[in-house]
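Can you keep this structure in mind? I'll have questions shortly.
To keep things simple, chains are lettered A, B and C as they appear, and every chain counts its residues starting from 1.
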Amino acid sequence: MSATLAKGINSFKDVIDAPIASFFSSCVHCGLCAEACLFYTETGDAKYTPIHKLEPLRRVWQQEYTLLGKLGKALGLSKPITDEELAEWEPLVYDSCTMCGRCAMVCPVGNDLTYMIRKMREGMSASGHAPADLVGATTRAVNLGSPMGIKWPAVLAQIKHVQDETGIEVPVEKSGVDYLVLMSSMEIINFPEYLSALSRIFKQAGVSWTLAQDAFEATNSGIQIGASDLAREIVSRIVIAAERLKVKCVISPECGHAFTALRWEGPNLMGKAYTFDVKHILEVLDELRSAGKLKTNGKDKRPLTYHDPCQIARRGGVIEQPRHILGDIAADFREMPDAGKMNWCCGGGGGVSANSRAEPLRLEVFKHKKGQIEATGVKTLVTACANCRIVMEESLEHYHMKVEVIGLTELLAEYLVEDKAL
Amino acid sequence: MKQANQQDSQLGTVGEGLEQRGVTRRDFLKFCTAITAMLALPPSMVEVMAAAISKAKRQSVIWLSFQECTGCTESITRSHSPTLENLIFDLISLDYHHTLQAASAEAAELSRTQSMKENEGKYLLIVDGSIPMGNPGYSTIAGMSNYDMLVETAKGAAAIVAVGTCATYGGIPKADPNPTGAVSVGDIIKDKPIINVPGCPPIPVVMTGVLAHFLTFGNIPELDNLGRPKSFYGETIHDRCYRRPFYDQGKFAQTFDDEAARKGWCLFKLGCKGPVTYNACATTKWNDGTSFPIQSGHGCIGCSEPNFWDAGPLYQALSMPASATTAMLGGAAAGAVITWHNRSIKSAAKAAHSKVTVQELTREEK
Amino acid sequence: MNHLDLLTFARGTALNWALVIFVLGITLRLFEIFGLGRKADLAKPRSNSCGNGWRTMFTRSLPPEGMLKREPVTYIAGYIFHVGLLAVIFLFAPHIEFFRSFFGFGWASLPSALVDALVVASILALGVLLAHRLNNPVKRMLSGFGDYLAWAATLLPLLTGYMAYHHLMFEYTLMLALHIFSVELLLVLLPFTKLFHTFSVFISRWYNGDIFGRKGVAS
């Protein structure tokens, strides 16, 4: 079996629904979406206009689902979609769209272009027009359990390291606890601080939690590449583990698309509502804080700013929580312009960071974030997404900027009041 | 068709008749002018017409009445230009007409057959009323069915004038459910020129005008596709209605006694059929040019149109070619069809979807 | 056909058919959209109120922060012609008379001189938008025949209406007939071009507001 154009077109026909039909019907070609898109504003290249990235999908909608389009198709007036076109569109759909959703916030007629890009990627991947790196990552995620190829022993080593460092036991495979904790590959490999911070915080807050041996990876390459069948397979591991361990809530880690995959897409992929809640770690921390279970002492004197990960803030609804936490622990917190639901993307979301071909473009469009960071004058950048974090670290290095990037959870852990008696 | 002035010598010329009756040339020219104007002929034709009519022999006319109400005859007696007297005494020889002839019984029928024999191929046949085809007994004259009499009389006629909506299109007797199986003259007679002068009743001057035309020129006037003389039926009532400017301005009476009705605004919304009725009411008017229905405050009922009785309620506004509701229903129907089509495309796509595996993310040829 | 006949045709048969195509087309297009259906969202929403959609339907009429500065031409000229067009269509006394004859009720009108000024402003704004469409690389790339057709179909009623009102170029009756014909052209094209956004904008904005609203974000 292999990917074919026919499968791709078939997918396009399958995913087009009433919202997409209304979006294409409403578009007046005003081009304002371009002004909201990092890839256009930083390059000035018109081809990066968000609605233009959807042209093949629009044509399928028009030819298949509108009266005039059907007539045009029957009379041979409109050309069918070709492989060459999809190949031409591949970099537009995958390399120059992070699915950040900013265009969907400014479109005057209310088109959710990100919703459409996500659906369009179904057809792109089914027709074999997904970037090779994303195919590789997805293959690893499905076959090995993690897009970076990490297996349980690596996690086990991490657990041992954390236990040695903190002296706190990391619970594994515990049934009936409140929370199932997940991690992203990047946190396991690059940012072990996350797990250690979490175990300290949860110990103080008296929260019961666990890791699951067969469901530690939160990321979902199937969502990024746009293959729902694979995304379902990946997310089902977490759902099965959560149901097996009878947890009340699954905590999505500091990772943007993992939250989208698990929180918003998961139930729809599984075809049933969850029996448990899904929360982003920042939501959980803010809840504990509000309940008085989380006490901090002192404030960070460094000037710092917070980068809203798109999938956590604009497309996740977690906007106030990080600011509450930072209010407690940061003495000099400075907001970047457009912070919150109108934030600008780091340039590496939606699978772009996993796609080496897109690297030069990603670094170029980072100029916007670079300017924003420079304007605040901070040397410390806090965020809540391991992908944003690594993308920004690389980009800052590329531009020789001496700015440190840290995760909000670990920053919080630094100011945690720890009662050693516990 | 043969010229009228080559008529049988048995009848005197029109000019002689006029002289006998002491009609002055001045009066005669006035009459000719009126006819010329009515037929929409140029003024130069007045002299031609005067000469032609003076020399013309009086035209033999047989008038048959079938399933009718005598309204057409009533109407023609009110003709003012020419008057019926003018017509009968000066222009024609009315050889047979139930209502107007003095003779009765066998004598009456004899005058018909005699005239038919004497003027064979030359007499003009006028018919009012429809012909019952259901049962010959529905309407008979002197024991003869309407159908037989029509066929017999039409055979030797130079031309036939069907007057009234019954004779022209079947009229009220033909209205649903048409119990007598009524048909029009044109439904039966196919081999003679027929001039249709519809109306319930027709305008008197239109009837006399058509006769005058035949008499003057000896031929039938130019007809439209329904066999009506274009000079009288060329335009709709609406086209020539004095209330037309109100229609154009969108000023309509909503009820018969509202302010708009008192101001004489358009009666379209009260069911006036003027826009679809071809007749001369708005120009010639009735009763010596006194008035016509719309002028007296009532909408046109479209009586000179085929099947007018079955063409919807008299007081319901003419439906636009299609209303907003119809359009919406049409759109919904088309929408339902396209939705069904779209749904089938979508479910076919869903059915054709084979589960994507990681091997299927790449293409074999790559 | 003289001018009055032309006007009569424009006001009668032609208007009627244009309205039929308009209503039929709108209904058809709405079926086309809603007929495709939408799967129920099984993810537990932060806010499950359809109010999110309704709110976005209105709030999206305002420019998001910073956007006005990025694209002032599109926003300002766009506002002028949309507001102008709306006011001219619905608040010009003769038009209200037309609606009154149609629906049986009317409403207050704007002073004709003000409407006249709005028409001029709208025509100028449309001119600016066309120039912008031709010059801006993004707009130029996105534009096709349909965009220029929609532009012309929007301009013509404004232009012919202005000329009829001021007795320019042709005799009034003829100009008025042309004005009505141009409106009929607009009516016929509306359901089948991007002009359909007049209606679908409320649907797409609703979906946008709903999608974001379920995630707890006011879009």
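In this section, a contact is a pair of C-beta atoms (placed from the backbone, for glycine too) under 8 Å apart; a residue touches a chain by one contact, two chains touch by 3 or more.
Nothing here was measured: the structure is a model prediction, and the numbers come from that model.
Asks: Please find which chain has its CA centre nearest to the centre of all protein CA atoms in view.
Replies: Of all chains shown, the one whose C-alpha centroid lies nearest the global centroid is C.
Asks: By number of C-beta pairs in contact, which chain pair leads?
Replies: Top-ranked chain pair by contact count is A-C.
Asks: Roughly how far is chain A from chain B, going centre to centre by Cα mean, in whole Å?
Replies: Those two chain centres are 80 Å apart.
Asks: Between chain B and chain C, tell me the centre distance in angstrom, where each centre is the average of that chain's C-alpha atoms.
Replies: Result: the chain centres lie 48 Å from each other.
Asks: Approximately how many whole Å separate the CA-defined centres of chain A and chain C?
Replies: Computed from C-alpha means, the inter-chain centre distance equals 38 Å.
Asks: For chain C, give me the residues that contact two or more of the other chains.
Replies: 28-29, 32, 35-37
Asks: Can you list every residue of chain A that touches 2 or more other chains, as numbers and ranges?
Replies: In chain A, 16, 65, 67 touch at least two other chains.
Asks: What are the residue numbers in chain B that touch two or more other chains?
Replies: 334, 338, 342, 346
Asks: Help me check something: in the complex, which residues belonging to chain C touch chain B?
Replies: Listed in rising order, the residues are 4, 7-8, 11, 13, 16-17, 19-32, 35-37, 97-98, 101.
Asks: State the interface residues of chain C toward chain A in the complex, per the touch definition above.
Replies: The contact residues of chain C facing chain A are 28-29, 32-39, 41-44, 46, 56-57, 60-61, 63-67, 70-71, 74, 78, 136-143, 147, 150, 192, 194, 196-197, 200-201, 203-209, 211-212, 214-219.
Asks: Spell out the residues on chain A that touch chain B in their complex, using ranges where they run on.
Replies: Listed in rising order, the residues are 1-4, 7, 10-11, 13-14, 16, 64-65, 67, 70, 125-126, 128, 130, 132, 135, 138-139, 142-143, 225, 227-230.
Asks: Using the touch rule from the top, collect the residues of chain B that touch chain A in their complex.
Replies: 334, 338, 341-342, 345-346, 348-350, 352-366
Asks: Per the contact definition, I'd like the list of chain B residues that touch chain C in the complex.
Replies: Answer in residue numbers: 248, 250, 252, 320-322, 324, 326-328, 330-332, 334-336, 338-339, 342-343, 346.
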